[in-house]
Amino acid sequence: MKHQIICHFSRADGEIIRMLGKLGVATVHEAQGRIGLMRPFLRPIFPGARLAGSAVTVLCQPGDNLMIHAAIEVCRPGDALVVTTTSESEDGMFGDLLATSCIAHGIVGLVINAGVRDVSDLTVMNFPVWAKAINAQGTVKASPGSVNVEVVCAGAIVRPGDVIIGDLDGVVVVRKEAAAEVAMLGAARIAKEEQSRERLRAGELGVDFYGLRAKLAELGVEYIDGRNQ
Amino acid sequence: MKHQIICHFSRADGEIIRMLGKLGVATVHEAQGRIGLMRPFLRPIFPGARLAGSAVTVLCQPGDNLMIHAAIEVCRPGDALVVTTTSESEDGMFGDLLATSCIAHGIVGLVINAGVRDVSDLTVMNFPVWAKAINAQGTVKASPGSVNVEVVCAGAIVRPGDVIIGDLDGVVVVRKEAAAEVAMLGAARIAKEEQSRERLRAGELGVDFYGLRAKLAELGVEYIDGRNQ
Amino acid sequence: MKHQIICHFSRADGEIIRMLGKLGVATVHEAQGRIGLMRPFLRPIFPGARLAGSAVTVLCQPGDNLMIHAAIEVCRPGDALVVTTTSESEDGMFGDLLATSCIAHGIVGLVINAGVRDVSDLTVMNFPVWAKAINAQGTVKASPGSVNVEVVCAGAIVRPGDVIIGDLDGVVVVRKEAAAEVAMLGAARIAKEEQSRERLRAGELGVDFYGLRAKLAELGVEYIDGRNQ
Amino acid sequence: MKHQIICHFSRADGEIIRMLGKLGVATVHEAQGRIGLMRPFLRPIFPGARLAGSAVTVLCQPGDNLMIHAAIEVCRPGDALVVTTTSESEDGMFGDLLATSCIAHGIVGLVINAGVRDVSDLTVMNFPVWAKAINAQGTVKASPGSVNVEVVCAGAIVRPGDVIIGDLDGVVVVRKEAAAEVAMLGAARIAKEEQSRERLRAGELGVDFYGLRAKLAELGVEYIDGRNQ
Amino acid sequence: MKHQIICHFSRADGEIIRMLGKLGVATVHEAQGRIGLMRPFLRPIFPGARLAGSAVTVLCQPGDNLMIHAAIEVCRPGDALVVTTTSESEDGMFGDLLATSCIAHGIVGLVINAGVRDVSDLTVMNFPVWAKAINAQGTVKASPGSVNVEVVCAGAIVRPGDVIIGDLDGVVVVRKEAAAEVAMLGAARIAKEEQSRERLRAGELGVDFYGLRAKLAELGVEYIDGRNQ
Amino acid sequence: MKHQIICHFSRADGEIIRMLGKLGVATVHEAQGRIGLMRPFLRPIFPGARLAGSAVTVLCQPGDNLMIHAAIEVCRPGDALVVTTTSESEDGMFGDLLATSCIAHGIVGLVINAGVRDVSDLTVMNFPVWAKAINAQGTVKASPGSVNVEVVCAGAIVRPGDVIIGDLDGVVVVRKEAAAEVAMLGAARIAKEEQSRERLRAGELGVDFYGLRAKLAELGVEYIDGRNQ
């Protein structure tokens, strides 16, 4: 594997990214046909964390954050770091100094398939992070890796410039080529869900609303009164 | 396995359920002889979540929430959904639309041995949920299951109408037949603990208070001064 | 194994302990050369939890908290309980009554490689706890163990009188003999980090700041423009 | 919870149990409608392990095997011990002495939601065990529990006299009342599978054999040639 | 996500695939620069399992093996099935009937990020499988998925026609475009390792052989006699 | 933390080590009062693996095996390597070349709280290894660590020269100072167990043999006939 830092890549339109961020992870995931979701072991480090940005991908050796430093230089405002390691690690690869540097360069958040530390500081700085662990264990800056190559992060393929959406429900990746269409489909979904919400709020049953009675019958599910048992 | 929806079942007295809710999970678990506790991997989705209700049990296929829709119809106000799957799953089987429907029908909470999504919305709605994972991964409505059959949820047997108590310490199940007695025993326990608390607050030692010095000696535990080591 | 309660042991200086507490877990861990960190599966039970105290170590049988009661008697104000079990357990070995007793004797917190319960109460009491699980499952007081012997807790060796520092990043142990030096090194580290923070905040890049460009070149990491791909 | 040892209970017919054993876990599980399977973390301690017996259930405290000793007395030849604990434990509750005693009383195997030790000896003795862990950690004989009450073992409900089938695929429980019917259904299934096996061996495709082409079309799955991509 | 079955794709040269298979997983992984390794939780179901084939990728719904049936039709002799699910599952998606069908069509093995059953039969049939779990839990044939799309399996990206190598050390993926070069590099590596093996067997030390003494000194590692401590 | 290689240390008597090896892990663990057992997630890589040797401890960075090379130089015939990392890692730090070197220097086995690879080769070489994972992921030789310092390996404290016993039941550590006494106690235990085995084989019940009837009564365990229920 050659170690490379790809400096330039295309990004999705900023307005589209903002729209996807407003839709939220669950809606975006549905809108694009249930692909691109990272595994649920990635959790936000504080409850109100929300993220919508363009992925700058970082592939590190476990226990080594050298390439995160290299990645910051090629970021533009609005980018989000997506960091993974060549083998499993829970070390705390990112802390308040790196977050300070990120904020100085307009980076809007971090998704990391490893650990993070200085979590109190990051919370105060309102820098959103999704991580596998909170871990004070620091790392070195000694091993090569790559920036802006295709990576697998928490089960999802991420390519530079893909849109990264994070909230309390997790993290989802949207292909940059599909971003506009997904945003449109997501908005339509939201509108439709609002109608559903109204009807359900009024007491209509899901079995009626979604027409499930026929399906239950077809599947052989029997209704039993139960009062005489 | 026949797939059945049992429509009617007996419930414990509402006042007893409220009393059990006030006692909390740890006290109820002790009061009934340390049975009925669900495994601690079920966690509340927000810190102040509290639940006391009558179980409506739901057995689903993994990745399929059809039977949750069917279950809502047979719920009465004050009921709590207890959902499990036929094999392990972390998919997000429940979200804000289902919660809206639950609230419309007076359902007071959810215990689910699987995942949940739209967690921000559920928090705003103050709909308490105990789940194994937070996961945006949605589900289909395609496979049969059962409602109000005996299930195992996170290691505990639950039958329809059993009392479900949830708080920050976890979830405990009380057999409906035993609910009144457990409530009484729990109240007595609380009264006794209050006395213990006062004495411990005043500085009395547990080894004296619980008469443990004799036991320590009998077990051969030696006191060593340590200052000359 | 003989079961012993060692009553007296030396502690680090109180002022040093306070200084270490202010430095926080990540800085202390770095200052002492990245040793003594407990595994990240120990988590604080509430977000603002912070701990700095002298370790009183407790070795219990799984499912038995007898020795915690015995340990409280040999604690002095400023001590922190460090509890582990002879084999893996997630039972809730500690709750609000024990916390009441701890507070009455000036104990400043608990680190436990097992479970804890009554978490709402402990939060209201502001009694900081780092635990492996939140679990209502109670324990008995029937089996012998030891107090103030050398233990392994969540992967770290702890001896009585070692300094225990806990915050949102986890828990770290400082040998009492090394405490003063570690505090000094940590303070120096904080001062240096503050300078780094200023430069990073001003937009200086880590690759320049830490002189990483030469290392990246030496490691064979190539910069690729990417615009023509 | 009262601690009880139920001495007598009904069992399924021995010939039926043997038939179920020959069918194996996967077939029995299918034959009874995919219920009663224990979670796959229970693994046999040696590859050729096979079990078919009547359940004697044992509920122990974690780290305590007193009730296993009590259970052996109420076993008859052909019985299988099913052991679980009141909270999670991986301690080695069973070893070669207990196996010697089991064999002396005609007990045909062990299913234990905890640990086991002396595994080399048990293998030489050809005493089949399904366990969660192999662990030399021994246990005490100090705490009460129950024998032949309803238990949950690795996610499955087991009642005394239920038929326990174990092989390399895991462990399944058959209600004693259903044993004869399940054996008959399983035998029919085996016969049918043999026919399927012949046709598949001859090269017939599953999509034809099971009539799946229509379903794939109905589900919108498209066939793409791929040669021009 | 559109559901597609891609029928045709290019494969690496059969002789190259055989060479890669002889090199084994660890050597191939090294030879291609330590990429493409699947996570170590995938384990072979019997000790002597070895696999070298061209990937036919299968993306299924959890608990549903419909697409495995569809995949077999587009396989050629020498292909290996690589199966993953859209969300985590340990269900037993593959058993002896599917293995019979695979063998009939010349399929040389299975890598599955889920469960497998009928393990005794598969062993007798000498059909090699790497799986996450052994689980009798069967699946349905009801949900759409895709065949021969890009998938992530146990952390590694797999594209149709990539070379899949499996042995006791795990599973590694080689891009079909790189297969010839990796085979050559691997063979060179084997030759070089044989020389190293001879020298190490003769007692030469790794610190001399690899020239590590200078590095140890440079890293500040001190040699201490230890006899006077 | 200073990085040190301690070259010389005292060892237990070779005959005592052999005796402890014959006793096996479970007996040695009991004989020394149930201390020193490593966590059961360490498993032997082949069924017949047995180990009895003097510990040479190795503390590595995760993903780096430099210090294993350094450790081999200070080993004597009969030593066993005990390797752990400063933070969690499953990388394959040890393979057939290192095993070749170990065998050349009379090293009798490896206990590693990380991964191992080339497992087929190690099995053919009959070099016994207990590891946390089997993983082809290789490591670098770039980071400092220590040899023959006190380490924690899989939950147990190990000091250079401690006796390491491994078999199918796991790994146990015996303090070198206690080795002779533990061997004697273990032998006595074996003799006593042989007597117990004879009586149990003859059908005597554990409840009689260990005098447990009184304890069951004292604990309030009731015998219920069960035939009339």
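When the chains are written out, they are named A, B, C, D, E and F in that same order, and each has its own residue count from 1.
To be clear about the criterion, contacts are C-beta pairs under 8 Å (C-beta built on N, C-alpha and C of every residue); 3 or more make two chains touch, one makes a residue touch a chain.
Since this is a predicted model, take the numbers as computed values, not measurements.
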Worksheet, complete the sentence: Comparing C-F with B-C, the busier interface by C-beta pairs is B-C
Item to complete: Express in whole angstrom the distance between the two chain centres, defined as the mean CA positions of chain B and chain E.
Response: 42
Item to complete: Mind checking the centre-to-centre distance between chain A and chain C? Centres are C-alpha means, answer in whole Å.
Response: 30
Worksheet entry | chain B-chain D separation of Cα centroids, rounded to whole Å | 28
Worksheet item: For chain C, which residues are shared contacts with two or more other chains?
Response: 2, 34, 37, 86-88, 90, 135, 137, 142-143
Worksheet, complete the sentence: Pairs of chains in contact here are A-B, A-C, A-E, A-F, B-C, B-D, B-E, C-D, C-F, D-E, D-F, E-F
Practice prompt. Show which residues of chain D lie in contact with chain E when the two form their complex.
Written response: 24-26, 29-30, 34, 37, 40, 43, 167-170, 172, 193, 196-197, 200-203, 205-207, 210, 212, 215-216, 219-227, 229
Worksheet item: Hey, which residues of chain D end up touching chain F in the complex?
Response: 2-9, 66-70, 72-73, 90, 92, 95-98, 100-101, 103-105, 115, 117-120, 133-138, 141-146, 148
Worksheet item: So in the complex, which bits of chain E are touching chain A?
Response: 1-2, 32-35, 37, 39, 86-88, 150, 152, 155-157
Worksheet, complete the sentence: Listed in rising order, chain F residues that touch chain A in their complex are 61-63, 86-91, 135, 137, 140, 142-143
